[in-house]
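There are two complexes below, and they share subunit A, which is joined by subunit B in the first and by subunit C in the second.
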Partner chain A sequence: MGIVSPGFQGRPRTQEPALPPGQYLTEDFPVLSAGPTPRVSLDTWEFVISAENGSEHRWSWQELMALPQETPTVDIHCVTRWSKLGTSWQGVSLDTLLAEVDTGAHFALAHSYGGYTTNLPLDDLRGGQAWVVHTFDGAPLPAEHGGPARLLVPHLYFWKSAKWVRGLRLKTMDEPGFWETAGYHDYGDPWREQRYQGD
Partner chain B sequence: MATSTQPRTPNRWQVGRLVERRVETPTAQTLVLEVPDWPGHLAGQHVDLRLTAPDGYQAARSYSIAGPAVDGPGGPRVEVTVQRVHDGEVSPYLIDVFGAGDPVEIRGPLGGWFIWRSEETAPVQLVAGGSGIVPLMAMIRARRAAANKAPFRLIYSVRTPGDVIYADELRRRVRDDFGLDVAYVYTREAPEGWRGEPHRIGLADVNTHGWPPDLQPLTYVCGPTAFVETVADLLVGLGHPSRRVKTERFGPTG
Partner chain C sequence: MTEMSYLDGNMLDGPMRELFTVDLSSAVGRCESCGMTGSMASLHVYSHAPGLVARCPSCEAVMMRLVRGPDRAWLDLRGTTFLQFPMPMEQPFPGPL
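On to the complex of A and B.
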């Protein structure tokens, strides 16, 4: 426990549902990004997984929509300390996409329209834990929230759920992404409060 | 997109103490904290402040650092400007309860992207919405402290003249800091004698008071999400490459 702040009580403790440490609940859907919002046309949109041996697997928008769709309802946790519970999405499981890829890689670097990147262990994208989503709350995902499509990896801090996602580069070695290079944690487990490097 | 080469971010919590408080507006105050082991920081970075209740409950929030650290008799001093958030948990405490000499846990500096380095020579345009001025003011102050001559332009959108944080200092700096221009946009109420009507920031404001893309300026935009979205879209529309436009959005930070 830290030093007590004289006169600080904080919010009532009882009504809060279980949140990761240091998080608070919001009903809004705040936005965090590092630059202007890219606008991506569905005509030219594509999602590409490139394996460590150089082979590439591509899906157009129509091809993505033709794959089996899932509707995860999940809690999301942003490193800026807000959490939002029970968010509803629709998209394609990474299990479905990765099933077409022959790889022995252990890491993935997600990359986005606009240049954003973030790194994740490949295992965290498998096993029903990650999706490429295009619909939020029953409507097309707005551009400021990452539309036309974003990654959704809700068990990690939300910066790992790359907005405007364009593909994955599968790698044998871990390579830090955008925020990770700027001092944020390589893995980002909210339940272990891995916000910054060294946490 | 370029990546920064910030060394490993200091993440250790340490204890700071309040040594000075300045009232900036009816809803914003600057808190000067003495932090003995402060490692130094770059303009645009932020800190986490953490409060602890007697039963061990903790609440932490991020605040932008408002200017370069200065040396005091008890060690380095770091200042943050806190905007009161209605129904917030931390900001009302920091503004109403936190007293001179009181301790607060602090860690930082944090954030290695939304930063301006005083070695930079490119023209800079800063676009602030409300309390989004804070990290941008840190850049204006760092420029002066380093005697940097890069031309700076600030466009500052506020609801009313009374909402201008650092109003006196900005007036003084426009006079004294060679190469700094400041333009205001008033959304609700303009000062007397102001030409034009209150309005939300638009293409004409950014085009008139910012730098043209030909000069390849560095741009920093900070404010509420809708404000940042609008301004960033305008800048890209005017021809500024996305990678030269850095944004920071204020969500509800309580």
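On to the complex of A and C.
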């Protein structure tokens, strides 16, 4: 007879969260920032999509809030290895915003108040995968987390979800953004652990 | 007469080693954005980020970024026009011709 009790089953697998490789679970919401926090008044806030032909589409805060609102609940994964599951947001789908834009571009460079940039394939901003969000957990998004509004692209590492987002520049050629020009991966898929260039 | 040639990047190893073993905080740097020149120790470094981001204390422009991967590092000094290091008198670099 063995020394292991017949009832011993080990840790139930069902309690293990579905985390991408190399990530750990956090219940907090760590604040990461590459610079001072911009303070943007809602009176002057705007979101601008510039198409590759030079045309611009602008939304004021009031115009953004008048658009159809969605309430995604998603898992987010930071390249610094924390993941937070089941985060609740409210905002406008990029599908809604891009529907007003005539473009043949394949890439987007998101840019923010404060100067931050990050690049994404335009297809990753379509198909119910990306939002401009202004509410987190039922409350206005705090400035330290990117308020008044940030990009939310949860299927990529969270540095792609630009805080204090101000607009998108649509491009025919890919142009790397702030972290992508400093060693980080161009695409950043957490499930393929695309942290750094060449991963 | 042979043409002037160039050396491969390996020759930089000695000179760069001499620079990068000095304490950076003793260096003076010029901000490419606003032109302010001052001690690198006075930069504002944001470290709660995927890398280190050092900004000019005057205009907040990014002067230096350092990203450390597990087996690689990336150093971006585009925002720094120059770094000036104190050097010992007995090992001067050649001046302009």
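Assume the second predicted complex is superposed on the first by the 184 of 199 C-alpha atoms of A that agree within 3 Å, B and C clash if a C-alpha of one lies under 4 Å from a C-alpha of the other, contacts with A are read in each partner's own complex, and residues count from 1 in each chain.
Please note the rule applied: contacts are C-beta pairs under 8 Å (C-beta built on N, C-alpha and C of every residue); 3 or more make two chains touch, one makes a residue touch a chain.
Just so it is clear, the structure is predicted and the values come from calculations on it, not from any experiment.
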Partner chain(s) touched by A:T135 [first = subunit B, second = subunit C, both, neither]: neither
Which superposed partner A:P38 touches (first subunit B, second subunit C, both, neither): first
Per-residue contact with subunit A, leading partner among subunit C and subunit B: B
Subunit B versus subunit C as contact partner of A:T87, first or second or both or neither: neither
Touching partner for A:T96 - first (subunit B), second (subunit C), both, neither: neither
Which superposed partner A:W159 touches (first subunit B, second subunit C, both, neither): second
Which of subunit B and subunit C A:E144 touches, first, second, both or neither: first
Partner chain in contact with A:T181 - subunit B first, subunit C second, else both or neither: both
Which superposed partner A:Q69 touches (first subunit B, second subunit C, both, neither): neither
Touched partner set for A:S60, first subunit B, second subunit C, both or neither: neither
On subunit A, positions contacted by subunit B and by subunit C: 30-36, 80, 115, 179, 181-184, 195-196
Partner subunit B, residues of subunit A touching it in the complex: 1-11, 13, 22, 24, 26, 28, 30-38, 78, 80-82, 114-117, 144, 178-179, 181-184, 195-199
Sites on subunit A touched by subunit C in the complex: 30-36, 79-80, 115, 159, 179, 181-184, 195-196
For the subunit C and subunit A complex, residues of the former touching the latter: 46, 48-51, 53, 55, 60, 62, 65, 67, 69, 72-74, 76
Touching residues (chain side subunit B, partner subunit A) in the complex: 1, 3-6, 8-9, 11, 13, 15, 50-62, 89, 93, 97-99, 102-105, 110-114, 225, 228-229, 232-233, 235-236, 242-243, 245-247, 249, 251-254
